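A short worksheet on the structure shown next.
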Amino acid sequence: MKEYAYFPGCSLEKMASSYHKSSIETAKKLGIKLKELEDWNCCGATTYFYIDELLAYTLCARNLAIAEKTGLDVVAPCSACYKNMYFTAAHLKKDVDLAEHINFALEEDDLHFNGTVGVKHLIEVFANDIGPEELKNKVTNPLEGIRVAPYYGCQIVRPQKDKEDVEQPMFFEEMISAIGATPVNYPLKMRCCGGSLIISSRTAALGMVRNLLQSAVDAQATVVATACPMCQVNLEVYQQQVNQEFGTNFAVPIMYFTQLIGLSLEIPQKKLGIGQEFIAMAPALRQVIKG
Amino acid sequence: MDKKEKIGVYVCHCGTNIAGVVNVGEVSTWAAENLKNDGVVIARDYKFMCSSLGQELIQKDIKEQGLTRVVVAACSPHLHEATFRNACKGGGLNPYLCELVSIREQDSWVHTDKIAATEKAKAILSGGVSRVIHHEPLEPLHVPIHPATLVVGGGIAGIQAALEIANAGFPVYLVEREPSIGGHMAQFDKTFPTLDCSACILTPKMVDAGNHPNITLLTYSEVEKVDGYVGNFVATIRKRARSVNEADCTGCGICWEKCPKKVVDNVFEAGMGYRKAVYVSFPQAVPKYPVIDRENCTYYIKGTCKACEKFCPTNAINFAQEDEILNVQVGNIILATGYDLFDSRRITQYGYGRLANVFTSLEFERMSNAAGPTGGNIVLRDGKTVPKVVGIVHCVGSRDKNYNEYCSAICCMQSLKFAHLVEERTGAEVYNFYIDIRTPGKGYEEFYHRLLEEGTHFIRGKVAEISDAARLPAEEGKLIMQVEDTLTANQLRVPVDMVILSAGLEPRHDAKEVANRFGISCSADGWLIERHPKLDPVATVTEGIYIAGCVQGPKDIPNSVAQGAAAAARILGKIQQKEVALEPIRATIHEEQCSGCRICNNMCPFNAILFHEDKMVSEVNPALCQGCGTCVAACPAGAISGTGFSNEQILSQINGLLLLNIPKKEVVA
Amino acid sequence: MSKPKFAMYWAASCGGCEIAVLNIHEKILDVDAAFEVVFWPVAMDAKYKDVEAMQDGEITLCLFNGGMRNDENEHIAKLLRRKSKIMVAFGSCACEGCIPGLANFRPIKELVDTAFSTISTDNPENIRPQTSYSMPEGAITIPTLNPMLKTLDQVVDVDYYMPGCPPESHQIAAVVDLVIAALNGKAELPPKGATIGAGNSTVCDECQRKRNVKLIKEFGRIQFTEADPELCLLEQGIPCNGIATRSGCNARCPSVGAQCIGCYGPAEGVVDYGARLIAGFASVIDSDDPVEIDKILDGLVDPAGQFYRFNLAGSLLRASKSAQKG
Amino acid sequence: MTDTPETKPFEPTIIGFTCNWCSYRAADMAGTARMKYAPNVRLIRLMCSGRLDPTFVLKAFAGGADAVLISGCHPGDCHYINQNYKALRRFLLMKRVLAQMGIQPERLKLLWASAAEGAIFTREINEFVEQVRALGPLNWNTTAIEVHAEKEEVPA
């Protein structure tokens, strides 16, 4: 059984609690143990790096140092948390002076960042450690006939880790195929959801959400699958506002990929946090799931 | 040492080049006093040792003083080693008993501290003296040259080379992997910048090669193995079964007319068109005999059909034909195996293979060719719609650290040609997206100007993405090319109907294996390495193996032809000499010390080491050995020695360089 | 005419060499018949002063085993050299330092500390041997340790080398036969400086295991490897020193499934035994990637120990830096 | 060599091995371009870095060199196809052995330099000399090497 240090991040504590629940449950069912980091702190989110780089690096370094103590690689379900931690680990390995500076501060907490910890996004663990073949073997309730738009968002594959394709990755599609659903091809799968622009420049962000939803609808998607609480919020919660702003009438269900996998593994809906959506689950999906 | 050597030491001033920094007088006096124990009997310094007077000085001393070894401290051995060896030879001393140590390039030219430079010169000289004691008289190896030549690859470079040699009256084996010679050039429509028809200028040469009495054409064949060495190679060639008896076939074409099986032609038509299961690559193919593609032929799959056999008027079809293995003896080899086109699928953001109307350059070549799948009509993938706007992306897979860092050399001109053809044939608006326009060739820049005047748009920027996600009504149904125009610093979204990716050139997928098979090497980016990038571009480090055309690096047709001819000229020179002299720097395995452990067996990339199972010992073939010495250093039993760079020579040189050869009291701090 | 005289001495060694001599069985009677044994401390009572009283060159054959660990060893080596016509460095210790020579990896102080102050030593007052001590009867002395162990030929001139830890008995018997024949004018002795009682090639020459071109991705340890009984051990990733070790033992260890550890020392003409193994082992590594090569090399847990187990004192470097400092 | 008076800064002695085709030519190139570097390195020309026998390195250290430089063609550019990789394998193993012998691995350097890289050759040599100067003299016990000269003569 593969074990990881789990960094939920603040979104999953509240707003994205369904992502948290479904992550833990599906991972468990697939033979992956997620051990929550003790005394973790904020990752700095999307903005802190632009305000105070040193403190932002320190925040992430502290989480990484805690993870290092466990001897496990750290995994984050939130794309922003993942990107910040991965980026920090990579940067501090190169900038030894900065690492020393930060370690000086971490000493207060009896912590030290050595650069030995690996950082992974949860979807990476599902795609690589389990892989589509094994996932397919474990699926008991294939989501046949369901057209899923895999929404990667902008952060999962960046910065490039190895030689993987960062322009047109396919691992999300492969995972969707593995659970019996049909991945749809739509050109905007890698585009930004608007992120925190929704606060500072609402119209621009809503326009971006509109384009994304339109692209998914054009591809006849039943549901959009996300792998980030920020993407989920922008696509789901702001859908109504998009409709008001642009006179559209979108009602596209948005779900975490962990929820869809959970359904295909016949995990009870409640355990996956289903039932708290703003946009009701698609009837087509409701028909194929059991339990 | 049984007898004491008599060593002469000569320190060169090289005008002020050496003497300006190194106190040469002090060095020669020092050597005369301190290197006596090593056998130095005379030490002189002279203005220019390489002059005829300097050389005569050495020769006189050899004769009068009975010198048995000579050490010259002057410039780099790469400059004058041959000079001083010849001087010794002239004086009656074996040339390999002379050692040239560099106190110019490695000392006076790179140091400013005169005292330190003089001390270093002493150490370098001392190293040379210690080394030369262990030199042995050597004789160069002479091997005869077989007059036949093997040319691998029947593209334009290979054809040219074969014709040059054959016209000079010597036999050539021209081996080609595909059923017909012609190579990539046969696929092209027009050639830049003159726009003459590619087939029109190539076909006569193909026919010449096919009919030449001195050329043995082996198409649908591959070289599997090469044994031997310069002057005396034996190549093993597999001639794949065509399933057609060449002696009976007239090339009438009835078989492929009657064949019921249509196959997508991924080679010649770049996947744009079809051929039959029995086919010739293209109508002007040389030789004219078809081949049966056994993977797709109904008879080979199901056991029935034989339509071709039934209709063949000369009974030339032979389903039972087997591969033939030929062994040919040749003196020299030319590799002209060409290039592969960069696979545009690798740049996923350009959407090739995902977005229908994104074409590769080779697809476009076929499309614009009157004999091609669309009859020369430039249309979208649906086969009928004529594009109104066409975007051409330059540098696809080239000048890009993610793929290939090098410039593919031909894509700019090719793209300009495409732009011209599109405008001429469809009147469409054409956008060229380029990084830089590179037109270094006769008439190339003029062609670029012609395009500018024709109204082609040139946008300087690397295309970021090609997508079908429309934002504006005008973008609906189009391909949108996202690019920053770096001259105006504007982000542009250019909607087009058709995109042509001007894909770069890559080394053949099997270039590395081919290089290994022929005992030569690939550079880091995979092209075969020439002996010298400027002064010896068609020879390789392996004697007798030459390269021509794109196998050496991306180049256009005129350059490929020039290299083909150049390689041929080099070989003709060798054939005329009838024999070749090889440096006697070789490894030897001493049989009585060899334990047959086989450690050395994987050390030699030239396959010069053989293992004798019967005697359980390994042996070096001196004609194949290139003298690198890797096996000498690797042998755990110390059973391999290397002439010219023996352990004794190097270990003594270390002693000398560290001045350990000088009695302790005399070492001056 | 009196019989030619024979001496055998042990300096820093384990005594295995003398047992190997006795292991030539009834051939020992030929030794007794051909020679008068004048000095052999392990086998008979003899005093240094008896040797000192001899004429220079009086002893015909001296088999000297053991390395030069202390000044007594050196003194006797020089003494026996003077008194002997033929001086044979007998066994690995005298030839190249052998196991006692491994002490050259560490400073001499650590050596003494290990002997007198480790947990297994009952020495509560931390007493150390003194090289000289005054007694009412006068000063008594024990030999002083050299900072580094030397080989015999680093101290005296040696006529012949006979490698092995210990030399194989059949080789000793052959050498005895040769010397006796030579004394009777029936054979010729090899040129001075030659290695006797061994082959010129390496252990692989006598090894019966099958061998191919060797390319390995991993070095393993023999105790954790289930080795193919027919195939070359090195090919299976087991660090066998046979490739570089002088032949003569009939590939004793590899033929019973153990790797050669190199007791016969370097092959003919080799300057540094360890260097041959560095080159040999590096040659079988099947990788061009520095990271992967390093990973493969991690499988060799103690490379210097592997390469210089028997040869450290006789190697080019002779001793580690810390041992040189004393 | 090793007993330099304390007033002078320590000048390391470095033995450098070059291959005939790339690194020796890089040294020639540095000379032709009159680039300047520290005079502490004495070069030995081999045909290929693959010729580098570990014995040479040990010999140089034992003989009093403070550091050893091994240089060859860039990976993939070897004149003899791939022999420089064989030098690389030996180099990596040699470093480990030297470390066990108490010779800092930094005293053994591997440098890839093409025939055109005189500037790189110059820069790397200067850096290496400085690095070795900082490490201080190796002072290998050379007297141990010369025992042969001191030992007692055999009676005639």
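So that you can tell them apart, the chains are marked A, B, C and D in the order they are listed, and the count of residues begins at 1 in each.
As a working rule, a residue touches a chain if its C-beta (ideal position, glycine included) is under 8 Å from a C-beta of that chain, and two chains touch if they have at least 3 such contacts.
It should be emphasised that the depicted structure is a prediction, and the values quoted were computed from it without experimental measurement.
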item: Farthest chain relative to chain D (centres taken as mean CA coordinates); value: A
item: Leading chain pair when contacts are tallied as C-beta pairs; value: B-D
item: Chain C and chain D: spacing of chain centres that average the CA atoms, whole Å; value: 31
item: Approximate Å spacing (C-alpha centroids) for the pair chain A, chain B; value: 49
item: Intercentroid distance (Cα basis), chain C paired with chain B, Å; value: 53
item: Distance between the centres, which are taken as Cα means, of chain C and chain A, whole angstrom; value: 66
item: Interface hub residues of chain D, defined as touching at least two other chains; value: 53-55, 59, 75, 82, 86, 90
item: Touching two or more other chains - residues of chain C; value: 271, 276, 279, 282-283
item: Touching two or more other chains - residues of chain B; value: 603, 633-634, 647, 651
item: Pairwise touch network: line, ring, star, complete, or other; value: other
item: Contact set on chain B toward chain D in their complex; value: 76-78, 102, 104-107, 109-113, 116-117, 119-120, 123-124, 127, 515-516, 519-524, 529, 541, 585, 603, 605-606, 626-630, 632-634, 642, 644-645, 647, 650-651, 653-655, 657-660, 667, 669
item: Residues of chain A that touch chain B when the two form their complex; value: 165, 167-168, 185-188, 211, 215
item: Contact footprint of chain A on chain B as seen in their complex; value: 347-349, 354, 465, 467-469, 471
item: Chain D - residues contacting chain B, complex; value: 1, 3-5, 11, 13, 15, 24-25, 27-28, 30-32, 34-37, 39, 42-48, 50-56, 59-60, 63-65, 74-83, 86-87, 90, 122
item: In the complex, chain C residues that touch chain D; value: 56-57, 78, 81-82, 105, 148, 150, 153-157, 271-272, 274-276, 278-279, 281-283, 285, 287-288, 290, 293-294, 297, 300, 302-305, 307, 315-324
